[in-house]
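First chain written, first letter: the chains are A, B, C and D, and each begins at residue 1.
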Amino acid sequence: EGKPYKIYLSNNFVGNDWRQQMERVAEVSVKKGPLAGRVDLKIENAEGTVQAQINSLNNIIRSKPDAILIDAASAEALNPTIKKACDAGIVVISFDQVVSEKCAYALESDWTRIPAVMAEWMAKQLNGKGKVFVDRGLAGAPISAQLENGYLEVLKKYPGIEVIGTYNGEYALGPEQAGVASLLAAHPEVDGILTQGYGSGAIKALQDAGRKVVPVTAFSYNVAATTCAQTEGAACILGSNPAYLSSEAIKLAVDILDGKPKPADRHILVNGDFLATNGGAWTSELYPKAVIQKIEIGKNAFPDRPPGLTLPITPDWVEITAEEAAG
Amino acid sequence: MTMIASEPGEHAARPPSAPARWRGWLLDRASLLIPCLMLLALLAVYGSMREGVFTLDELNLDTAAAMTLMLAATGQTIVLLRGGIDLSIGGMISLGTVIAATQFGDGGATTLLWSVLIVLLGAVVGMLNGALITVLRLQPFLVTLATWSILAGTALIILPIDGGSLPSGWMAFGSGSWLGLASPVWLLILLLAFWFWFKRTRTGIAIKATGSNERSAFLSGVSPLAINLWTYGLSGVFAALAALYLTTQTGAGSPTIGKDYILPSVAAAVIGGISLFGGRGGLVGTIIGAYILTIIGNLVFVLSISSYWQPIASGVILLIAVLASSLAEKSSRRNLS
Amino acid sequence: MPDFLEALSVAKRYGGIVALSDATLKARSGEVHALLGENGAGKSTFIQILAGAVRADSGSITLGGERFAVRNPEEAQRLGVAAVFQELSLIPDLTVAENIFFRREPLSPLRTARAGAMREATAELFARYRFPAIRPDQELRRLTLAERQVVEIAKALARDPRVLILDEATSALAPRETEWLLGLSRDLAAEGKLVIYISHRLGEVRRIADRVTVFRNGATVAAYDTASVDDDTIIADMLGRQMERLYPERRNTTTGRIALSVKGLSVENRLADLDLDLREGEVLGVAGLQGHGQRELFQALFGAARASGAIEVWGKPRTIRSPRDALSGRDGLALVPEDRRNHGLLLAKSVRENLTLSVVKRFTRFGLTDPKREAKLVDDMIAQLRIKAGSPEQAAGTLSGGNQQKVIFGKMLLTDARILLLYDPTRGIDVGTKGEIFTLMRDLAARGYAILFYSSDLAELVHVADRVAVLRYGRLAAILEGAENSEHQILRAAMIDTRAA
Amino acid sequence: MNLARHRSILFAYLGLILLLVVTGLVAPGFLSPTHFRSLAVLAAFIGIVALGQTFVVIGGGIDLSVPWVLNAAAVLMTLFAHGQDAPLVWIVPLLLAAGTLVGVVNGLGVGLFGVPPIIMTLAVNVILQGGILVYTGGAPPATAPAAIQFLAVGRIAGFPVIVLLWIVLAIVATLLLSKTAFGRYLYAVGSSATVAEFSGVPTLRTSVAAYALSGFTAALAGMLLTGYSGQAYLGMGDPYLFTSIAAVAIGGASILGGSGHYVGTIAGALVLTVLTGLLPALNLSNGALLVVYGAVILVTVALASEALTDLLPRRRARRIS
């Protein structure tokens, strides 16, 4: 093993907590542990647009790296450019927001399992009967559609559950809170809210409207976990899309470059643990193997840490501390 | 009352000296010359940091990277010259890619037919903008904001997320080359040819004139409705063309991609010397503006700046570049007030 | 001879404002027909209707015996009516040649405008009608107002019209160009065209018009053969009252104190090394042929053009880098600018806002404007200058040309500045008000103001100014005083290099 | 303010009323006092950001740096305050001053150096974004102090505090525009910078002040917004770019400057909020939502069009030659 591998991480967008943690985690995981000194990692941020990422990728391809890791602006629109990279002999791994181009690996959370388990949990919370709001995420984003459909798919099996309103949470607190607040005005009788975001915005909207807190699904941000743990009467389940997907992508790239056996399937699913207020006391029937941790302050909810911290923080092959992840 | 024998042909003032005339000539073109100098300066720095910048390959790559923006900005340029603004290109570009990716199929004939239909749709949508603006006397900003939303919504209805596919022949055209020049370069040549023709046509002159002084243009016989139909219609057409070209680069329909070109299309034009108040500037400046925006991206890449500093670097480079031109432009105005 | 143009009872209102109530005009081909009336009488509105730029509410018009109902300027042009608009119809970003042939460009087989052909045709046109020299390939925005006026005339002529309308086309022209236009109008009439001529300069009208029609308050009040009527009658028709005299009695109110002293003032290659003193109580005229540095002098003094040299104001050295520097309080300088549409008025804003723009502080108390005080200033000024506006809230751009000029004049008067730079302050102003403005100027001088006064009408300089400084090639050619101050002497000094002589 | 001279403003309110009527028909629950209250709170944020934007637009400019001024103030406030109220005493004034300073930089770039407003403020926005990322190392910030939360979601006698604050700001803005020399100068500069210059208006100072005000209100809104969400998050300013400009435009201002009023902007902010609040109730797909959104804006502004009202009485009067 001589020179470190030259690996580029092309990130289409840096404007949220998750992406920032993802970049920090990537940098930490090539500085220590098994990959220390093995990777020359360069991060390129594209200004949130497909065009910028295409241009950035073209620049990256011209500098002939060993591998490119891509958190993609589009599942489809980068394909011709990625194909070019593959044809140039570069290992390409898309992660988080993955691409459909066959020559690239796609490493992502299991977006089928996550909404299914969370919707199942909600149905159980409501005893199969009640009115819910559903977050549709961000218009045009593939994961949004997967989550929304995943929720609806499972809820359909419970005739007593009625979706009485949808809103676009856009993975940001403000829109989530405003969306739920608007819906509450028209439908104060809601019994549960299935968000794709922080969940805490929905809870805040309920509180502002003077409503009792209803069961909420959300993602495992620190703010969601702490809010659920600390709010009187809150019931939550949090799905996890770990920010260390970037580290996993780096590891995969190094393994492939090292000549280790390639994964059989180009599509690699990462299964993060769920967090729930009743974790340990409830198991999914749809996915019995899904691990559901109980939300506990100090263990997986950290009131003194940044609210935007994504949980869990570290993969199992390298120790990344909360400190490092929070920057 | 005064009586003097008129002495026709003799002008009272001293004729300007040769250097003064030269200066006048330069000042008249300052808004174009300065972006040119900016681009050259950027290229000089960029070229010193990367090999092969002064080759055809670089031209091919950068033109391919900038072409969607150039096409979108061509329409925007025409609208800005007229003194308007077109936000709806954002919706039209999305819609265009979505229709292409869902309708082209595999046959050459359907591809051709639908391409023409998309361009026609662009024209119709643009003309609708123009008609609303004229007949209801509404601000272009508001009308095109609304139609942007409507078009973007339609695109999302047709294709809720990126998808669809384009025929391989179509994609091959996008990445093809001829005589060493990539197809986007040929497109650029066509675009410039169109512009040098169009700006000399009566319609082209009238669009610029209307932006320069609407009332005078009207008094001279320009029909406000006709001019707005042309202006916004052309903008729609170029947005459609931008969409078609974009699909050759992305191979997909993208219902939300168009918005990414709205501000940059205005920025490219403004960097290229177009005034938002209409009447001044042209496509050459805009093309240079689009190259500048693209080269800034390349430059930031080769400067190997750490990731969080990248936006700062591109912002600062952009400001420095524009500051130079603004100062020169300002001093030229000042001297002639 | 039957009347070629017959407009009967034309009316036009703008909301509550009646621009025309009963306008009638009958004119023959081959004549110069003057259209007269005080500011706001409706002359421009009337010719805009003829030119298709405005649609009448009622009335009937025939041209050459045919019903003439045009819906836009293009139709009017096709029927042979071309107008030189008071507001001008030129495009700042096109060249002179492009302006002249705008909408009628000669086309190549590719349907592009043939630039060469336009330039040649422009040169030919200029030669045929003996135009003052203007380079056809210059951008219009680089031209002076007078030059623009000339281009506007060329543009109208290029259409070879049957009816040529000149709406105050001489108002910005210097004597020599005015002469040229008068001659041109006669020639065109002699060719059998109808020239409708609007002007507030009765002398011009008398020299070229065969007949006159007088409007007052939007209605025709009289029509005469020029030869058969005297000026006083016409003026009485226009104003609805007798006018005493145009020029006030001139009393010398000059004191020994120097208000403004200029040493070695230079502006690019337009103004070279000028020395000039303006005294308290004095009206100092500035004259010269078009383009010999008058406008640069005014702009430089007002801080609107870059200049070098030394300026002393009321005995103290001053650097004036911007109009704001110039306008500073009682020791300041105020300007009536040449270009009212681009430098003088916020066209979309009200008469009130325009009048008080430079003096907002005067009616601001504890940081807030006091509408009552403002209204008082505005109402007084409207009354003093007889500004004809529907209300102080009318948009300045919808005032008649002369009334726009009055607003600019009033705006300057409201400032505290006691040095007034008046660049053609009576341009487009009717005789009645002109007389009042001259009286006002002399009164101000008597109250200790110092006035620098340029006029495109030499007679005004002769009759109102105490002394006249004549510029030639950007240098002071002569200062004329007393009996020397005559039109003849001014022109001599302006055209013959006295220093060389 | 003379409403007759501001027809477009009047009509913006008519549009708003119409929209409320439609809302009442589509979703009766939306006309409840609680909903009004939550709408008013949301509108207040847009309204406050759009306040500065109104001044900039009237002065003939545009401020695209709003998103990251807002975001920077929000992030830095939570970062400095660590959830404590006490330090707000210096943090809030400091950040308001910083926002104002960014505006001053914008104003100088535009007014002194002649950089086109779009480019100047766009570049400043990008630089601020990068600056915040670099400064915080992307560290996600902490929660909003209680005092800020009170300002954003608290109530006094059932009345949302932020709406009270908005009303105060609206009064100040209205006074500034209608009753001060600065307001006069601003309209003049926006109508014609040349004429304003010739009239002795301090054009540079005026446009710098407008941008400064915009920086101030964006920073203020940013801090308040953390109170609404309970925390700051990156990207929280993004939605305010187009909404602030759209609110100004719907409120009757010409995007080219010289006209408009904050009174109109308020209607614009309310129209946009009611509309975004109403749309989810329609249960439409994302695409259909955008179509309806666009169509409603078009209809609202079309109703306000002078052309539409002009067409009717004029027809009768016209019987020509």
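Worth pointing out:
By our rule, contacts are C-beta pairs under 8 Å (C-beta built on N, C-alpha and C of every residue); 3 or more make two chains touch, one makes a residue touch a chain.
All figures in this text were calculated on a predicted structure; none of them were measured in a lab.
Using the contact threshold fixed earlier, the set of chains in contact with both chain B and chain C is D. Any chain that touches chain C and also touches chain D is listed here: B.
The greater number of contacting C-beta pairs, out of the two interfaces A-D and A-B, is seen for A-D. For the pair chain A and chain D, the distance between C-alpha centroids works out to 33 Å.
Here the CA centre of chain A is 71 Å from the CA centre of chain C. Averaged C-alpha coordinates put the centre of chain A at 38 Å from the centre of chain B. Mean C-alpha positions place chain B and chain D at a centre distance of 29 Å. With touch defined as above, residues shared between interfaces to two or more other chains in chain A number as follows: 14, 23, 47, 139-140. Within chain D, the positions touching two or more other chains are listed as 126, 129, 133, 137-138, 194, 286-287, 289-290. In chain C, the residues that touch at least two other chains are 304. Interface note: chains touch in the pairs A-B, A-D, B-C, B-D, C-D.
In the complex of the two chains, the chain B residues touching chain C come out as 1-14, 16-17, 20, 24, 28, 197, 200-202, 205-206, 208-209, 211-213, 215-223, 279-280, 334-337. Against chain B, in their complex, chain A makes its touches with residues 11, 14, 23, 42-45, 47-52, 54-56, 58-60, 62, 74-81, 139-142, 145.
Across the complex, chain D is touched by residues 83, 85, 132, 135-139, 141-143, 145-158, 160, 255, 263, 266-267, 270-271, 275-277, 308-316, 318-319, 322-323, 326-327, 329-330, 337 of chain B. Contact residues of chain D toward chain B in the complex are 64, 109, 113-116, 118-120, 122-127, 129-131, 133-134, 137-138, 194, 242, 245-246, 249-250, 254-256, 285-295, 297-298, 301-302, 305-308. Across the interface of their complex, chain C is touched by residues 2, 5, 175, 179-181, 184-185, 187-188, 191-192, 194-202, 258-259, 317-321 of chain D.
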